[in-house]
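Next up: some structures, all given as C-alpha cells.
Common to both upcoming complexes is chain A, partnered first by chain B, then by chain C.
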Partner chain A sequence: MFVELNITLRVSRHPARNGKAFDEYRVQLEERMSVLDALFRVQREQDSSLGFRCSCRVGMCGTCAVYVNRVPRLACSTLVRSLECDVLTIEPLPHYPIVKDVAVSLQPFFEQWRRAKPAFRPRKPEARDLARIPKDSKYRRLTPTKRDCITCGACFAACSIVGMNDHYLGPAAINKAFLRVLDPRDAAREERVKVLDRSLDGVWRCHTQFNCTAVCPRHIDLTDSIVRIKRALFWPGRLLKP
Partner chain B sequence: MFRSAWEWYLQRVTGGLLLVLLVAHFWVEHFMSAPLRHGHLTYQVIQARISNPAWQAIDIAFLIIALYHGLNGLRNIILDYGRLEKRGVAVLTMVLVVVGAVWAWWGIRAFSRL
Partner chain C sequence: MKLYLREAVRKYRWQFSGMVAWLIQRVTGLLLLFYLFLHVETISKLSQGPVAFDQAVGTFNSPLFKLLEIALLGTVVLHAFNGVRITLVDLGIGVEKQRHLFWYVAVGIGLLVFLAGAIPMFLFAVLRV
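== the complex of A and B ==
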C-alpha cells in the first residue's frame, strides 16, 4: 500500500533569514523517501534558496552528510520513515565552517586527513610483479571492514574531542593511517607512526567514546582502529610487524 | 614503546597505585593507630611513625606518584582543549616538570627536619 508521510522540516539557515536561524516547511513525502528527497522537495516546491550538498544520491560519495535530529547522517541514505518522528530538524554538521544553510566545507577534515599521509608509498616502486598480501597477514585479517571510508566527515562531526581540539587528527584520518601502517607493502610507516604518537593531536587524545563508530554510515569500527594503534605504540613489535 | 605511550602507561600505573596508597593513607591516618583510637594522639606518636625509614619511603613514593598523576592529568586536560601549538606544549611540559620537581623537593625536605 502507498503510504504518505506528513512531516515538518525545520532547516537551519545560514546566514539567518529575516532574523530566523531556522525555517519550517510542511512536506508530504512518500514512504521510501530519504531526507535528501525531502530537502529537494522543499527546494523545488517551496523555497529555491535552500542550500545543501549532494552528488551520487546512493551513499557512495559522502557529500550529503548533515545533522539530522542532532545525529550526523547521510541525507541520501536515511529514510525519513526510519526516523519515526513528525518533525525533522536538519542542521549543518558541527565542527565545520558553514558554506550556506546546511552545506559545510570539509576543509578541517581534509587538513587532518592530509596529515595522516593517506597516500600509499610503495616499498619497491620499480617492482613490476604484483605484491601479494599473505592470507594470514594482519592486514588481511584486521582491515576488510575498515577500507570503505567515503570521507563523508560524519565521524569528525560526532567526535567530542574534535569539538574541543582543532589539532586532533580525528577518527577517519587515524583509520586511514591504521590501514597504511598495517599494509606490508607500504614504506612510510615510521612517518605515519610519528604523527599518530603526538601527544597534542595524535591517538592519545581519543577518550574511547565510540561516537565516531556509532555514526559511520559505512559501519567502520573506528574506535577499534584507534585502540589498535594505541596498542601498537605501546607494544610496537606486536602490531607493527609486517 | 613510543614516548606518548609511556606517558599514557605511567598515568594508568600511578592511578592504580594511588588507589591503593590513598586507601592505605586514610586508613593509617584516621583509623589504625592505637593512640588515635584510645584518644592519646600526640605529636610524638606521629613523629615516631614518620621517622621510620619504611614509612618515609612509602610517603615519598606516594608524593611522587601523586604529583606525576596530578600534573600529567592536568597536562592531558590542557592538551584535550587543544589551544596550544607545538612550542606551547613544550613550554607547558617544562613548567609542569619544574613545578613537580620543586613540589617533590619541598615535600621530601620536610622529612629532614624531623
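== the complex of A and C ==
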C-alpha cells in the first residue's frame, strides 16, 4: 500500500537567516524516503539556498552525516518513517565547524585521524610475496567487524569527550590505530602506541559511554576497540605481540 | 528541550544505555560522596564524648531520615552493581552485551536487592509495625 508522510522539517540555518536559527518546511514524502530525500525535496521545491552534503546516497561514503533529532545519522540511510515522528529537526553534526546550514567541515576529525597514523607501514617493504595471516590469528578474528569505517564522523560527533577535549583522538582514529597495532605486517606499532597511550588525549580519556558504538552507521563496536587498546597498554606482553 | 528529553527517553533508552549508565554512576557517586562527608561528620562527634555522639545519631532516628536511608540503599545498590558492570567491561567481559548488563543486572537485579532491603526498612523503621 502506498503511504504518504506529512512531515515538518526544522532545518538549522547557518548563517542564521532573518535572525532565525531554524527554518521550517512542510514536506510530503513517500514511505520509503530517507532524510536526504526530504532535504532534496525541500531544496528543489521550496528553498534552493539550503546547504547540505552528500555523495554516494547509499551509505558508503559517509558524506551526508547530520544530526537528526539530536542523534548523528547518515541522512541517506535513515528512513523518515523509521524515526516515528512528525517533526524532524536537522542540525549540523556537533564538534565540527559549520560550512553552511547543515554541512560541516570534517577537519577536526581528520586531524586526529592523521595523528593516529592510519597508513599501513610494511614490516618488509622489499618483499614481493603476499604476507599470510593465519585464520586463527587475533587479527583475523577481530578485524572483519572493525574494518568497515566510512569516516562519516558520526562517532566523533556523538563522543562527549571530544566535546570537552579538542585534542582527544576520538573513536574512529583509535579504532584505525587499533587495527594497525594488531596487524602483524605493520612496522609502526610503537609510534602508534605512543600516541594512543598519551594520558591527556589518548585512549585513557575515554569514559566508556558507548555513544560512538550506538551511533555508528556501520555498527562497528568502537568502544570495544578502545577497551581492548586500554587492556593491551596495561598488559603489553599479552596483547601486543606481533 | 523537554521534547528532546521525552523522545530520548522513549526511543533511545536502549540505544544509549551506556550513556545513561555513565550518568547514573556519576550522580550516585556524588551522592555517596555527600553521604560520606555526613558520615565522617557524625562519627567525628565521638571525639566530643558520648552525649554529643548520641545527640548526633538521635537526629537520624526520625522517619524522614529512615526514608533517606532507604534512598541511600538504592544509591549504593545501583552504584555497586553498575560498578561491577564497568569493571567487567574494562576486563573485556560482555562488552557487546553491556546494555543487557546494565538493564538486567545493574537495574533489574539491583532493584530486587533494593526491594529486599527497602521493604523491611520501610515496615519496621518508618511505619514501625
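Just so we're on the same page, the second predicted complex is superposed on the first by the 242 of 242 C-alpha atoms of A that agree within 3 Å, B and C clash if a C-alpha of one lies under 4 Å from a C-alpha of the other, contacts with A are read in each partner's own complex, and residues count from 1 in each chain.
In the analysis below, a contact is a pair of C-beta atoms (placed from the backbone, for glycine too) under 8 Å apart; a residue touches a chain by one contact, two chains touch by 3 or more.
Since we're looking at a predicted model, the values are computed, not measured.
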| item | value |
| --- | --- |
| First (chain B), second (chain C), both or neither touched by A:168 | first |
| Chain B versus chain C as contact partner of A:197, first or second or both or neither | first |
| Which of chain B and chain C A:48 touches, first, second, both or neither | neither |
| Which superposed partner A:107 touches (first chain B, second chain C, both, neither) | neither |
| Chain B versus chain C as contact partner of A:6, first or second or both or neither | neither |
| Partner chain(s) touched by A:70 [first = chain B, second = chain C, both, neither] | second |
| Touching partner for A:213 - first (chain B), second (chain C), both, neither | second |
| Partner chain in contact with A:230 - chain B first, chain C second, else both or neither | both |
| Common interface positions of chain A, toward chain B and toward chain C | 207, 230 |
| Partner chain C, residues of chain A touching it in the complex | 69-71, 84-85, 160, 207-211, 213-214, 221, 223-224, 227-228, 230-231 |
| Complex interface listing, chain C residues touching chain A | 4, 7-8, 11-12, 15-19, 22, 86, 89-92, 95-96, 98 |
| Residue ranges of chain A touching chain B (in the complex, touch as defined) | 161, 164-168, 193, 197-202, 204-205, 207, 230, 233-236 |
| Sites on chain B touched by chain A in the complex | 1-5, 7-9, 79-82, 84, 86, 89 |
